[in-house]
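Take a look at the structures below.
Each of the two complexes below includes chain A, the first together with chain B, the second together with chain C.
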Partner chain A sequence: MDRRNFLTGATALAGLASGRARAAEATEITFYYPVAVGGPITKIVDGYAADFEKANPEVKVRPIYAGTYQETIVKMLTAHKSGTPPTTSVLLSTDMFSLIDEDAIVPIDGLLKSDADRGWLKSFFPAFMENSRTAGETWGVPFQRSTIVLYWNKDAFREAGLDPEKAPANWDEHVAFAQKLTKRDPSGNATQWGTQIPSSGFPYWLFQALATEAGTKFMDEAGTHTFFDKPEAVEALQYWADLSQKYKCHPPGIVEWGTTPKDFFERKCAMMWTTTGNLTNVRNNTKFPFGVAILPAHKQPGSPTGGGNFYISKKVPAEQQAAAVRFIQWMTSPERAAQWSVDTGYVAVRPDAYDTPTMKAYVEKFPPAAVARDQLKYATAELSTHENQRVTKALNDAIQATLTGSKPADRALKDAQVEAERILKPYR
Partner chain B sequence: MSALASRSPYAPKAGGLVAEAAASWLLAIFWILPLLYAVWTAFHPAEFSTRFELAAPLTLDNFRRAWAAAPFARYFLNSVLLVALVFGAQVILCTLAAYAFARHEFFGKGIAFALVLLQLMIMPDVLIVENYRTMGTLGILDSIPAIALPYVASAFGIFLLRQTFKTVPKELDDAARLEGANDLQVLLKVYVPLAKPVYVAYGLVSISYHWNNFLWPLIVTNSVESRPVTVGLQVFSSGDQGVDWAIISAATLMTSAPLLIAFLVFQRQFVQSFMRAGIR
Partner chain C sequence: MKRWRIARQINGWLFLLPAIAFLTLFTYWPALKTLVEGFYSTARPRRPAHFIGIDQYRQLIDDPVFWQALSNNAWYALVSIPVATGIALVMAIWVNDRVPGRALARMAYFTPTVLPMIAVANIWLFFYTPQYGLLEQVVSIFGGPPHNWLGSSSSALAAVTIVAIWKEAGFFMIFYLAALQQISPVLAEAAALEGASRWQFFRRVQFPLLMPTTLFVLINAIINAFRTVDHIIVMTRGGPDNSTMLLLYYVYQVGFSFWDTGYAAALTMVLLALLAAVSLVQYGWLDRRVHYR
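This part shows the complex of A and B:
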């Protein structure tokens, strides 16, 4: 509670200094928000905006719901190119380089005046800041962030003779458990798969978890070099392909991201790898006891982070940018971050959010909520480079080619690396 | 049908007839399957959306949840206003332009028509930034006219009507003029009535296109007051968490119902107009 009072105090002071003279005319900020989670999300965000306006009457916030992340960035860049961008938007943390290359956003550090404000940027989990900084400047503020975790069906574990309270700790256990958990009907068709790692849409994200566990990184911090064809990466992709092709405990071919939670609810798979953002969804829809665990380790545990950051647009007046900073500070305050995590299942973006009464009560009642936090110390930055869409597409194609069996892992990744080299050359 | 077939020397023989019927049934079934699936999932609780059980309980709950998730009544009103505005403006503009291109001689006619045809080759999506900037200059961003304006001068409509007007016998035109009709009267009394099937067919294409259009309305609108139903559906996109098929199916059925019902009611007219207008 102290920090919140302090923050509102600080913003009130700032308001006194700059805003009192024209208190009558409120600064309006527009806020593009992508609808990436189910449920009454727009109503929650509307509620937050209204609460913020109540605390800061001289700022008006207009949330604009803009579809998926992809549609939101299209909308944002269109408005930017026409000279009327939104004041602030939530976009994927991995779009940072693209947004910088388009000259669409400003570094947050430049907008922070006091030491207290600069201290605020240090209050987030370091794993989340990896995707928010480059070349010493901070361009994004973590907001709705996630990592990948393993969900398992405790009933299925019990039926297969496994300890229902123990998730697989490493790759070998993961395969062994998954083989025991795979059930087939007399004609040999699987009625329940042991494990499921989705591979549609953005397979690079899940692959990055496997590659991190195998002990390799995908890119450098400047976003200009990729390391897709390292032997560890090949090993990771081979492991993924082997789950279905060799061990037959994972559905063959491409597994749809969107329906994987549904497969889990329907007991079509006993374990699934998916985002922590699904926690509330799984909690509301499973009819059996389930567990949530850190992903199985190989050389090390690991998972990439994911999700969205706040960005502030370049082509908007300075007083709007200042108001946007206040809004973002308010949205990421510990109490708000905790509340957001409870409402949506995203990871609270700062450690002190876990000390708030809201979060403590939530974790006590629902211990899986803390798993994502515990995994953050092993988390790495999500793949993000210049020309991010094209580079990740090269990798996605390679992964899918291997999973469908049309290219061996080493050759597919080599091809992806060559393609990424070609795309990134102009940025070095 | 079989009596008719035996009389025509070109009609398929018995074996061919069976194959033809089987193929059309197969195509029809493939076409209707997604719709059937949507109907199945929309009227059953979420746990039956990937399981087929005849005894599954029916429910309207998905529709209730979808309706409550966004102000759909307002979105429907916006969509209706939008398609009415677009189609109304298109009919007036395209008729006048097509008439000029079909029956009048003026300086630069060839070039002007080539420019209109050029518009047919360009995907509207390419022009999004420029259109957005134009709407910004006009000061009408985030309004229904802003969604409609880039589409009112439809090259397709002009082209289609010009071709139709060209097929109208010149004698009818001359006869009307002998009776003392002026240009506009000739257009309204001779050309427009003869082109009626084309208007119906074009209306279906235009209305379904603008009812379903998504990207441009999404980009140019910000508020509930101006967004059409397709943009309203975005609240169900939820990419991070996977999708709830039951509620999405319900919402999709809800938003496409007006077009589906209109098609079923006017099916005969539509099919005939399409055959006469030569649009496929």
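This part shows the complex of A and C:
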């Protein structure tokens, strides 16, 4: 063997060894995330993780796509119970209390050392932070967040003799417009409904918009009391049921969440209430001019926020938690938040993201992108309590019972309130 | 001689061992564990599980959603089982005869079985869509009134039951078809010589000879009626207002959405007891009345 050859080989070996030593110093963090909207989300997230590693070579990020929100929390909690949770995960903001009760997450503020870090938590829209805080501590960092907005078909407005540039500003206008927009064939069957508020899956979210507009809240900040049977809530549910049962300008029964955008594209409904997360979808698929507006007001305008937050697991080493904080700070920086909003349609989670060149160019080209931001000053926290999914189900059942005509609004909401009381009593 | 018999016994047990090991690991042990867990409260980080006796079962009796799930499931089973079995039998007899395009018909009937339930549910979701769904379009041609099939409490359960029937019938047809082809053609010739009508031949010859298959199909159908909930997850998630809530889906929801594993264990025991009772009736009583060749 040639001596020189041997030498190069040895150096290479040494290089390999030192390379491995450096890799061992790097902190590896795992990151579970769900996909809840259309588009090549996994590719985008992988790209972000790679960019982060380039800027922070001492941290390795392993992003793991974990299914829907529901599947992701099932996987995260199962891993937590077996002792090896992911370092960080994106889960519904409303699952905060459940995660605290399972002892699965740590408060973020406990992990922040400098004043600059603590200032970071103040940089988000306050409406999003409402679902991230309880008992004086911050448990989640807003990431993929949304609100409900109204989409309308400008052509349909024109045909019905309405101003195509003006969305209904309040409940009365909403009904009046919807009645004008409802078209029927000679036998009286509707061919185009005036408005559509989906009620499958998670009707409580849409209902919370109506209830907020009517002027009531659903729960306290501790997540131990609910107020489902307040007169304003009954009024809101009655209004929703009346749209189909009295004013006949909304499809009867339960309206599917998933097909609502399609109904809108197919001109089966002239107005729809759905998430801002559908913005890119609607933009790509409508063949008519459409508008996006904040939801019609009653006593006040309003909508709940929705979507996912970053959480950091409890049962992981401190250096991983610290690395996760850096990763999350990087992911929620103004430039990244703006880019994420452009890529997906989610609302950028902090006001200064809207001052970035990326966002400015996007909003200028596509003004509806700013509507969600403008609505945020009226937005409230999404319904979230201890045993959240169980309490939510009680409310969902009540809403569906009223919309299908099997229970009047006041009785249905009273039943839901009684059930919620029963579930929440042990937590007080 | 005696040694030889013992060796044979050991041999026999050795052959059984793999199956026993797997059944114990994945069936009996979890079932036992579930039974025990049903008597404990759900563990929470600050409140570990403690023995509470039959409290979970008491809660179950007071739980209106459980009773609705049970009655929905009973209705679902009572309709889907006889209808799916009946259709399977008719289809099998039809494609067993020498009809033109027989292979095509067999394939067409069997196709729903090959498709995954999730895909099937999505196809039917489109059929049932209000306004522009296939069903609505057909109904409107005949001037019928529009109906929100999955979105009203009165029709949602029937709608998901039809999906199950459509999915299952083709599968059961294959068993009937195989059994029909085992029946000797001599019998048909003899019946023809005796002047038996088509119905008499079916009633007196084919149907009794198919009884073992019918029993097998019935057992499968009952198990499926309690086991298949994929389409519920895709189509209705138990809604509207629990009108399509089935037992197993409720178990899933309590276990993996509410994380109330103790209560989910109690619900699972009810499901297990139900299925055990059904198979006891089938193997203990019905089996003796079936004519095996």
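Keep in mind that, in the parts below, the second predicted complex is superposed on the first by the 404 of 428 C-alpha atoms of A that agree within 3 Å, B and C clash if a C-alpha of one lies under 4 Å from a C-alpha of the other, contacts with A are read in each partner's own complex, and residues count from 1 in each chain.
The criterion applied here is as follows: a contact is a pair of C-beta atoms (placed from the backbone, for glycine too) under 8 Å apart; a residue touches a chain by one contact, two chains touch by 3 or more.
In this text, all values refer to a predicted model and were calculated from it rather than measured experimentally.
**Q** Overlay done on chain A, so just call it for chain B and chain C: clash or fit.
**A** In the arrangement built by aligning on chain A, the partners chain C and chain B clash.
**Q** Touch check for A:R390: first (chain B), second (chain C), both, or neither?
**A** After superposing on A, A:R390 lies in contact with chain C but is clear of chain B.
**Q** Tell me which partner A:S146 touches in the superposition: chain B (first), chain C (second), both or neither.
**A** After superposing on A, A:S146 lies in contact with chain B but is clear of chain C.
**Q** Going by the contact rule set out at the top, does A:P85 touch chain B (first), chain C (second), both, or neither?
**A** neither
**Q** Under the stated touch criterion, which partner chain does A:G223 make contact with: chain B (first), chain C (second), both, or neither?
**A** After superposing on A, A:G223 lies clear of both chain B and chain C.
**Q** Could you say whether A:T259 touches chain B, chain C, both of them, or neither, answering first, second, both or neither?
**A** After superposing on A, A:T259 lies in contact with both chain B and chain C.
**Q** Going by the contact rule set out at the top, does A:S406 touch chain B (first), chain C (second), both, or neither?
**A** second
**Q** In the superposed arrangement, which partner chain does A:V74 touch: chain B (first), chain C (second), both, or neither?
**A** Both partners, chain B and chain C.
**Q** Which partner chains sit in contact with A:Y65 here, chain B, chain C, both or neither? Use first/second/both/neither.
**A** first
**Q** Going by the contact rule set out at the top, does A:T275 touch chain B (first), chain C (second), both, or neither?
**A** First partner only, chain B.
**Q** Using the superposition described at the top, list the residues of chain A that contact chain B and also contact chain C.
**A** Chain A residues touching both partners: 74, 201, 259, 266.
**Q** Enumerate the contact residues on chain C facing chain A in the complex.
**A** For chain C paired with chain A, touching residues are 44-46, 125, 129-132, 140, 143, 145-146, 148, 150-153, 236-237, 239-242, 253, 256-260.
**Q** Write out the stretch or stretches of chain A touching chain C in their complex.
**A** For this pair, the touching residues of chain A are 70, 74, 77, 98, 101-103, 187, 189-191, 199-201, 251-256, 259, 263, 266, 268, 387, 389-390, 393, 396-398, 400-401, 403-404, 406-407.
**Q** What residues on chain B touch chain A, complex-wise?
**A** Within the complex, chain B contacts chain A at residues 46-47, 49-51, 69-70, 128-129, 132-133, 136, 141, 215, 218-219, 222-223, 231, 234-245.
**Q** Any idea which chain A residues touch chain B in the complex?
**A** 30, 35-38, 40-42, 62, 64-69, 71, 74-75, 78-79, 81-84, 146, 201, 257-262, 265-266, 274-275, 277-278, 281, 285, 307, 345
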